[in-house]
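Here the structure is laid out as structure tokens; the discussion comes afterwards.
First chain written, first letter: the chains are A, B, C and D, and each begins at residue 1.
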Amino acid sequence: MQTTVAYTPKHNPVNYFKNKEGAAIVRCIVRTIQANKDYLGSVDGEIGDGDHGVNMNKGFTMAGERLEDGHTFSEACRVVAQALMEDIGGSMGPLYGSFFKALWRHSKSLENISAENYGTMLQAATEAVMEIGGAKVGDKSLIDTLVPAYQAFQCALADKADFTQALQRSTAAAEAGKESTRALVAKIGRSARLGERSRGVLDAGAVSSFLILQALHGGIAASLQD
Amino acid sequence: MQRIINNPDDVVNEMLDGFAATHADLVARVPNNHRVLKYKQSPVPGKVGVITGGGSGHEPAFIGYIGENMLDAVAVGEIFSSPTAKSFTDAIKAADSGRGVAVLYGNYSGDNMNVKMAKIDADDDGIAVKSVVANDDVVSAPKSEPHKRRGVAGEIFMWKIGGARAALGGSLDEVIASAQKAIDHTRSVGIGLSSCTIPAVGKPNFFIKPGTMEFGIGHHGEPGLAITELKTADEMASLALEHILPDLPFAPGCEVAILVSGLGATPVNELYVFFRKVAEILQSQNINIHKSYVGNYFSSLDMMGVTLTLMKLDDELKQLLDIKCNAVALKQF
Amino acid sequence: MQRIINNPDDVVNEMLDGFAATHADLVARVPNNHRVLKYKQSPVPGKVGVITGGGSGHEPAFIGYIGENMLDAVAVGEIFSSPTAKSFTDAIKAADSGRGVAVLYGNYSGDNMNVKMAKIDADDDGIAVKSVVANDDVVSAPKSEPHKRRGVAGEIFMWKIGGARAALGGSLDEVIASAQKAIDHTRSVGIGLSSCTIPAVGKPNFFIKPGTMEFGIGHHGEPGLAITELKTADEMASLALEHILPDLPFAPGCEVAILVSGLGATPVNELYVFFRKVAEILQSQNINIHKSYVGNYFSSLDMMGVTLTLMKLDDELKQLLDIKCNAVALKQF
Amino acid sequence: MQTTVAYTPKHNPVNYFKNKEGAAIVRCIVRTIQANKDYLGSVDGEIGDGDHGVNMNKGFTMAGERLEDGHTFSEACRVVAQALMEDIGGSMGPLYGSFFKALWRHSKSLENISAENYGTMLQAATEAVMEIGGAKVGDKSLIDTLVPAYQAFQCALADKADFTQALQRSTAAAEAGKESTRALVAKIGRSARLGERSRGVLDAGAVSSFLILQALHGGIAASLQD
């Protein structure tokens, strides 16, 4: 069963969060992955090799141990990227490593991270995953979660939504994207060879990326300043 | 889970400790990365380096093919999970004598990505790196989509041939060309009779019903082409050859090398029973067997099952296959 | 029963066909007895013959140890059943170059009887035959009754040492003396984590409850010393050494060779995890490891489990152990 | 479950059977072993390795295929001995091989086999098994069946019993001997290392030798001439 780690949302319809106070947001992601270790494993077991929960838990736990309270949001993202890329490997090392590295790279010089900044970061991070992994929307992968998530976020801003609303719409789109993988035939990764046999179940990476975005967005929403 | 382990998260590290201690005559660790092992004499001066890497749980692959005239270094991942880009980079560095390094690995998305990243890093360090991606598993994708096929036990032939070419003084391009030719001439198929369990997961992620078998199963238990009733050894051998022979194709009059590997929990005598029929069928089709390897060469944790691999030989491949080697899991005088 | 076989009654014959075909460079059949295999060059002129024999299902034992500087011939029995006296006799004949034949076999009542009958027949034919009976399994009988102890994986050391002595030109008495010394210096213990199934029987004749293990199990699933809860690899290694070390005894300062073998269904990486702790404990007790062998050397059909064997070395045993050999399952440069 | 193969006893209180008509008796032994293959396997499974049924069935079936109707009783015994010794091996090859070889050797020159002849043959055959195997009464082996069987036969003759009666008393003693193994701790063979764990179950060899004697004696009784 999927587990949601609680966070305390503040009702602040404001438009930035302080980079230097953002380590807690990344910790929330770590806890989410840890809490969903078995669930992710069982989703991966359906049409993959069953290790997605173990892999993710190992990487994020290692990152969690290296996180310091003094880290900025950007630095915390970099810690995650390094743990995944240098110590975990697998598919998730390069994929989520690139994701968090891009979040770091596109925020490291910012003191405050605005909704517009975050929109750019999320797009860059998604594109980094596509660049290294080569997956497109519809391939049944984490891309099916990430692409709608960043697009929904940017549309929301274009519709003059505030940061909180945009995060909510992005999370909802991520969830819909995740759910969309159920109907898809895998075209990438380990399950790509299953053809029709891969239809009917969720993609493990689509699930984990939804959980990450949910925690990330919840954490940001709780940190918004005015 | 009836296993001989301690903390499941420590299996890979403890296995490497035991392996390095057992084979200290052939294998050495590298500084600052406990997930890379190298041939004790590597980098061999003047020789192109040959490395691979992949997830653990396939022992004796990949580390067992480290040694004289085979692999110079191996990047080691978690169970069924690609090594890090950093480990691939460190393996490349451990193997490079200045003439460049050939990375001969299997077609899995994690390995593809990590090798890609490692190549960029090695490039930054001025090491010439080229790679060959093994895709010998015939049933993992149609013949028209070879880039989607998995690499399986045929990788051993690729390492043997690439390693031999390097040992003979081949340039990086020559090593790559020979290794590519080896894998292009190689086809494999797997049959699973039981599931396997990743120790840290603690339970199998799929189940093969007694009385059935999974034809075309992958090296990590990836579902195969079909679930059928359990066949006899002879029927399994025919079925495997029915998929392998037309794919290359292997025509009457050609010469082949054969590798039959158990998947981890397969009694060795049954591998020979299976091989017997393979040889009989090939003989009947006038396909000549030059050399055969039967044993636990490339496994999948505790899976019961068998893989069959054929490499079509020409003069070059035959010469390179026959060259002496001294690796942990493959010794030829 | 998930197995790769045809008619269960044909497993041994078909396995031998496959084995002889695979290893035609090393192994040959003998005339008129399809249950005997010999080293292609045997009888080696001027060399004392070294043979063994035993039931099948232990592959690569016994046939895998045929080769240069090891066994000249092997008599092959049904699964878990002694070869006939006639097969032992034919193996003796195939190995004899005129200097006599050493029969180095394990202590099982069937083998004892059949070897006894074969010796009488060989005697009639004027061949000098002497034998050594391996009894390395420490928990199979108390130290005061060594003649009741089973021979298990330690037989490999006995063959290696006897084979090397013969290769160096030793007389029959010298070969027997070295082989006897080898087995007298060797102790083994087995741990079973699952049962095994004789194909023709079709179901296991005992059962090991998940979560438990059988300490001291025999190579045919003979019940052991105790059924305990399933221990960690480290605990298994300690427990095994607690029974092995005091029995010889292996004292601080001594030097040993180690053999860790899977029982047929044991993933190779777990053998290294187990070995790691064995090496650590020996180091802590100041017992020096000269050489280690880790792999599937002596199996029990599809049993999951491990055996640990230690041989205490002196200068002679060390020299003989290190001598080059080229057998199917044991190759040393 | 133990299975008894039917034979047709004739009521002939006579004292010999014709050697040259004795092949059928040996065939009856073959059928008995075949019918008890699974039972013998399961008895051996308790404290042995479970292959006694398979071993015995293979050996006796092979012998059965080589039996010719023209064979004398002695020749038929020799065929069994050769199949077991030269083609089967195991423990049963030498043990039962020696048994049937002794039956052959001590009857081959006889035209008619009398009760006295048979008493001698059975003792010699039992002693041959003891000679090759080294087992004594009480070791939990086939000897626990064979020794009381030959002794009871000879005692019966000493008591002036006729051939039929002596055969019946011998079979009964064999059965009691077989049953006695249940209470014994194994001192020989594969189960000798079990110590106390071997107590409480029958010995597989004691069972198979009882079945052989039962078939043999039944077959002889049916063949008795006057």
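As a working rule, a contact is a pair of C-beta atoms (placed from the backbone, for glycine too) under 8 Å apart; a residue touches a chain by one contact, two chains touch by 3 or more.
Since we're looking at a predicted model, the values are computed, not measured.
Novice: Remove subunit C from the picture; does the complex fall into separate groups, and which?
Specialist: A, B | D
Novice: When the C-alpha atoms of subunit A and subunit B are each averaged to a single point, how far apart are the two points in Å?
Specialist: 34
Novice: Approximately how many whole Å separate the CA-defined centres of subunit B and subunit D?
Specialist: Between these chains, centre-to-centre, one finds 55 Å.
Novice: Need the CA-centroid distance for the pair subunit B / subunit C, whole Å please.
Specialist: 29
Novice: Going through subunit A residue by residue, note those that touch at least 2 other chains and give them in order.
Specialist: Answer for subunit A, listing residues that touch two or more other chains: there are none.
Novice: Connecting every touching chain pair, does the picture come out as line, ring, star, complete or other?
Specialist: Line.
Novice: Please give all chain pairs that are in touch with each other.
Specialist: Per the contact definition above, the touching pairs are A-B, B-C, C-D.
Novice: In the complex formed with subunit C, which residues of subunit B make contact?
Specialist: Residue list for subunit B touching subunit C: 1-6, 11-12, 14-19, 21-22, 56-57, 59-60, 193-194, 208, 210, 213, 230, 232-234, 236, 264-276, 279, 289, 292-296, 299, 301-302, 304-306, 326, 331, 333.
Novice: Across the complex, what residues on subunit A touch subunit B?
Specialist: 41-42, 44-51, 53-55, 58, 85-95, 132-133, 188-194, 197
Novice: Where on subunit B is subunit A touching in the complex?
Specialist: 9, 55, 77-87, 108-110, 113-114, 116-117, 140-141, 148, 150, 198, 200-201, 204-206, 218, 220-223
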